[in-house]
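We call the chains A, B, C and D, going by the order they appear; numbering starts again at 1 in every chain.
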Amino acid sequence: MADNDLTVGWIGAGRMGAAMAIRLARAGAAPAVWNRTRAKAEATREHGCTVADDIAGLRDRDVVFTMVSGPADLESVLLGADGLLAEPGRAPAVVVDCSTVSAESSALVRAQCAARGVQFLAAPVSGNAKVVESGKLSIAVSGPRETFDRVAHLLRHLGRAVTYVGEDDVSRLVKICHNLMLGVVTQCMAEITVLAEKGGVSRAAFLDFLNDSVMGSVFTRYKSPAFVHLDYTPTFTPLLLRKDFDLGLALGRELDVPMPLAALTAQLVQQTVSSGRVTEDFAILLDQQAAAAGLALKPEDTPVDDGLAGGS
Amino acid sequence: MADNDLTVGWIGAGRMGAAMAIRLARAGAAPAVWNRTRAKAEATREHGCTVADDIAGLRDRDVVFTMVSGPADLESVLLGADGLLAEPGRAPAVVVDCSTVSAESSALVRAQCAARGVQFLAAPVSGNAKVVESGKLSIAVSGPRETFDRVAHLLRHLGRAVTYVGEDDVSRLVKICHNLMLGVVTQCMAEITVLAEKGGVSRAAFLDFLNDSVMGSVFTRYKSPAFVHLDYTPTFTPLLLRKDFDLGLALGRELDVPMPLAALTAQLVQQTVSSGRVTEDFAILLDQQAAAAGLALKPEDTPVDDGLAGGS
Amino acid sequence: MADNDLTVGWIGAGRMGAAMAIRLARAGAAPAVWNRTRAKAEATREHGCTVADDIAGLRDRDVVFTMVSGPADLESVLLGADGLLAEPGRAPAVVVDCSTVSAESSALVRAQCAARGVQFLAAPVSGNAKVVESGKLSIAVSGPRETFDRVAHLLRHLGRAVTYVGEDDVSRLVKICHNLMLGVVTQCMAEITVLAEKGGVSRAAFLDFLNDSVMGSVFTRYKSPAFVHLDYTPTFTPLLLRKDFDLGLALGRELDVPMPLAALTAQLVQQTVSSGRVTEDFAILLDQQAAAAGLALKPEDTPVDDGLAGGS
Amino acid sequence: MADNDLTVGWIGAGRMGAAMAIRLARAGAAPAVWNRTRAKAEATREHGCTVADDIAGLRDRDVVFTMVSGPADLESVLLGADGLLAEPGRAPAVVVDCSTVSAESSALVRAQCAARGVQFLAAPVSGNAKVVESGKLSIAVSGPRETFDRVAHLLRHLGRAVTYVGEDDVSRLVKICHNLMLGVVTQCMAEITVLAEKGGVSRAAFLDFLNDSVMGSVFTRYKSPAFVHLDYTPTFTPLLLRKDFDLGLALGRELDVPMPLAALTAQLVQQTVSSGRVTEDFAILLDQQAAAAGLALKPEDTPVDDGLAGGS
């Protein structure tokens, strides 16, 4: 079913998008890349991508991926006056969106694609740019099964796992569920790491054990340096996490699913926002938890493996 | 520092203990195994273990491991009239306990060992028998650093990761923290899996994505068959999990660490106990969450990889 | 400042509105009452009210109270084609709205009133019809202080307490806060009543003590018959309570106030909705809590005073 | 059944005990009062009490009340070498203990009384000294019904309400349940008061409405001055409240009653303890909540009625 001769376009070459496009290039798919700030697209050239002068230059590609910052950008690059779908009769067969948008935005874009005869796959991802580079990205995909089968080989170049989760836009729901877990697990890590530290175990030793235990995940591992060194350079901010909790709890409300742990975590995330520390990484949940326990944290001077080195 | 000629004894050949002893045997350590029900010890013979007639037969070994069901058993096999340490002047140099006991029990046994000139390592593990067999066991160890260095090579035969976490009995604290996470993560999985299902995504598809995502762990993977097939054959019961939450929250209380997520999860675990389903696996948190959401679960007829096949 | 000769109109003679209008009549204010279903207005006549044929008949009154079922009705009776404010130059000086609507709806109506030279007071109430009849209603009022002073004597006829809480529509916020407490207190009562019952104390005896203790309130007292007799005839449904929690948590979100207890209670209220019991009283939180504790409740055959008899 | 000629003794004349003894004196019961620090007993003389030189002086009284600071004191004054029950054949017919002790301590003392032919009533109270003085104290009583009937008229002199809740020591359970509500309600008040304040309503105005609403209680009223003026002079400390939550949650655990709100509140109370503010009133939950919301509280300069003036 897979068509190995598909031509590929790529819209959005931020750090994450660029890393993903480069993976496609290395796998031989030679994507043509467009980015609003052209320099970022140019930087992918040395890895095997080509650069498109404008979005129109991607209209003849078979498959175009989008990786942009939100619903407004997505609608603009697809449906805007100069957008990918602006020229009747000249559009890709398939659009695959890897951005994080709500199910509503996704459905709206899907309908507009359908009206123009374009198949649309919603394909949100789990991971950040460093995860992409290490080959550990995973992707949830929804839309027509047939379309998925046609382009799955391309998706598989992007990371270690691609899962088809159903029709329409349910992959957006799956991504939100995933992000709820990200918040709950981080708060849980904060609680038990502080407990262990007050009990006399260094954060480095505790997380070393935890990461190697059955509870360890790519996430617990790549969050460990922040916990040990108290380096809160942002990969994902409390504001973004709060937005995901808003979406997740709204879904729970709509589908009549009580979610006690998620709801409580949302309030603890809200508390980090209320404290004003909105530009740091959401790992500041650790700081907040330590303060609640009357514990003054100090950076530990221990090297910590984030598990992302030596990517494939 | 490691002494590769150490002779090894093993007390406790339940499913978990046997699997661990066998791993030592395969690595060439040739442990002599004693078990109250001798047949279980005998079953390890074909994998390279020898069988001791009584505990006294292990007193001349350099290192003796214990893997028993709780503090009473531990005290009995070590300190009882026929126990390992009952004969003055004839005892192993090192005892390594891999059982799950409280820090208090551990300290008591440690003191008794010290009084007899025996070094004691507390070495609780993360995983179940199947995890041992797959080579994915991990171990937190506390006690004298020098003793740890001397026997670490033996511990490393038991699983994929061995972490020295500090002096005395702090590894017990680390294990309890780990088990709190096990409860929180399971409740979180229950909440988001039910949300995804009510939103139209099968549990199999959702967990497939989750397990491959950055949030996936050995644990989420090996718990997935229970979630998909609703097979609640126990690996760990709500009663045992409640006991760990009792210990963990008591520690939080003693160390003045507020633990909102853990405390709330404890109440949800209590609810499964209150429902009377105490002999099933604690994965019934999923059932409870589905009932709370007004959702009647049905087993899904999809093969699910528990991630434990093909152990090393 | 009070003007004791003000003529009064009343829109909305449901059970609650009728009881309030009747209190005004008994105090000598002789309100003219209009209700969509005229029969309900007629029923107030014997208590000293007059009945208006249409809303237009109230335009010459000095003060008109509204007590309707929500924002749509409020906008209709005030701003609709036949509404109170539909005739330029002929409108009451003051409109006092006692309905429960959001701050947004309230602000919209206030602006429309202002555009027509009408002073608007937002005056949501605490209590149900039976509370009104017993004289225990309380009222939070916001809007221009001067207007409040002018009509406060009328408001005081309605119940036992009238509190001016500030400008504009802040009384709506106050009412929502109040309703959050109503949910939290009911869940708390459910938890401790079930604990006491499992410990051997009848619900009647326990609530008798609680109601007379420093924690007892008009609310705990009038909710006690439902808890003792398991009579869940609705005074306020889980759906309505959930709506108030939606509003309250949305406010917390907007104002950056984490609200852990309120958020958790919201999920427990959601659970009653998810169970499908949406037409009973929200006192079914007791049933839900008992089920969670594995306790089968039986009605207790003990007379319980709801504290509302012999109203003033 | 009541015996109006009973002679009365009183042990414990701290602020609370003295206020209670004085109420008995004013009602004509003329109690003989003993207190370890005699001066405190002497101070009750002007209100109609007499003073006993030693505990032995109370052995001939028909009924002796105890109001001491905890189980150790209770056991000492009753069962110690110089205690009330130390002389065989010379003891009161009835002992009524109003202290706050656990059900276990209570049962122990009850058994010792029974062995000496003394009837024992457990009669913990709701309120503080100021509540006693205002006549608003309430009492939960357990023990033999017949004994209760015999002395109920004395108990009724102590406050506004006396409730017989059952046999043995169940009144201790009732008191603990009551104190759980005290914590939950205070945290709830903190959440909604902070929400209202961030929304523009002064604490004084908000609590004024709340206290007069159906949710208002003697407790919300007498806690209001602390909330408005930020005066945290202790009536009850976070440490004492945490102890009650320990007892309450232990009971929930023993009786298999999940208590989500109580458990979460316990963690928030723990957080005040972890912050080190252990000598202030537990109303600092308000401060903690405000800090969590990023709000700096300032004392409001508004007179607030605590509802306890003009006691009866």
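The rule is short, and it goes like this: contacts are C-beta pairs under 8 Å (C-beta built on N, C-alpha and C of every residue); 3 or more make two chains touch, one makes a residue touch a chain.
Predicted, not measured: the structure shown is a model, and the values here were computed from it.
Minimum number of contact steps separating chain B from chain C: 1.
Remark: among chain pairs B-D and A-D, B-D carries the greater number of C-beta contacts. With centres defined by CA atoms alone, the chain at the far end from chain B is C. Inter-chain centre distance (chain B to chain D, centres taken as mean C-alpha positions): 46 Å. Computed from the mean C-alpha positions, the centre of chain A lies at a distance of 34 Å from the centre of chain B.
Inter-chain centre distance (chain A to chain D, centres taken as mean C-alpha positions): 55 Å. Looking at chain B, one finds that residues 252, 256-260, 264, 268, 271, 274, 292-294 touch two or more other chains. The residues of chain C lying in touch with chain D in their complex are 126-127, 131, 136, 138, 140, 160-161, 163-167, 170, 173-174, 177-178, 180-182, 184-185, 187-189, 191-196, 198-202, 205-206, 208-210, 212-220, 222, 248, 251-252, 255-262, 264-265, 268, 292-295.
The touching residues of chain B, when paired with chain D in their complex, are 246, 252-253, 256-260, 263-264, 266-268, 270-271, 273-274.
Touching chain B in their complex are the following residues of chain C: 260, 264, 271, 274-276, 292-294.
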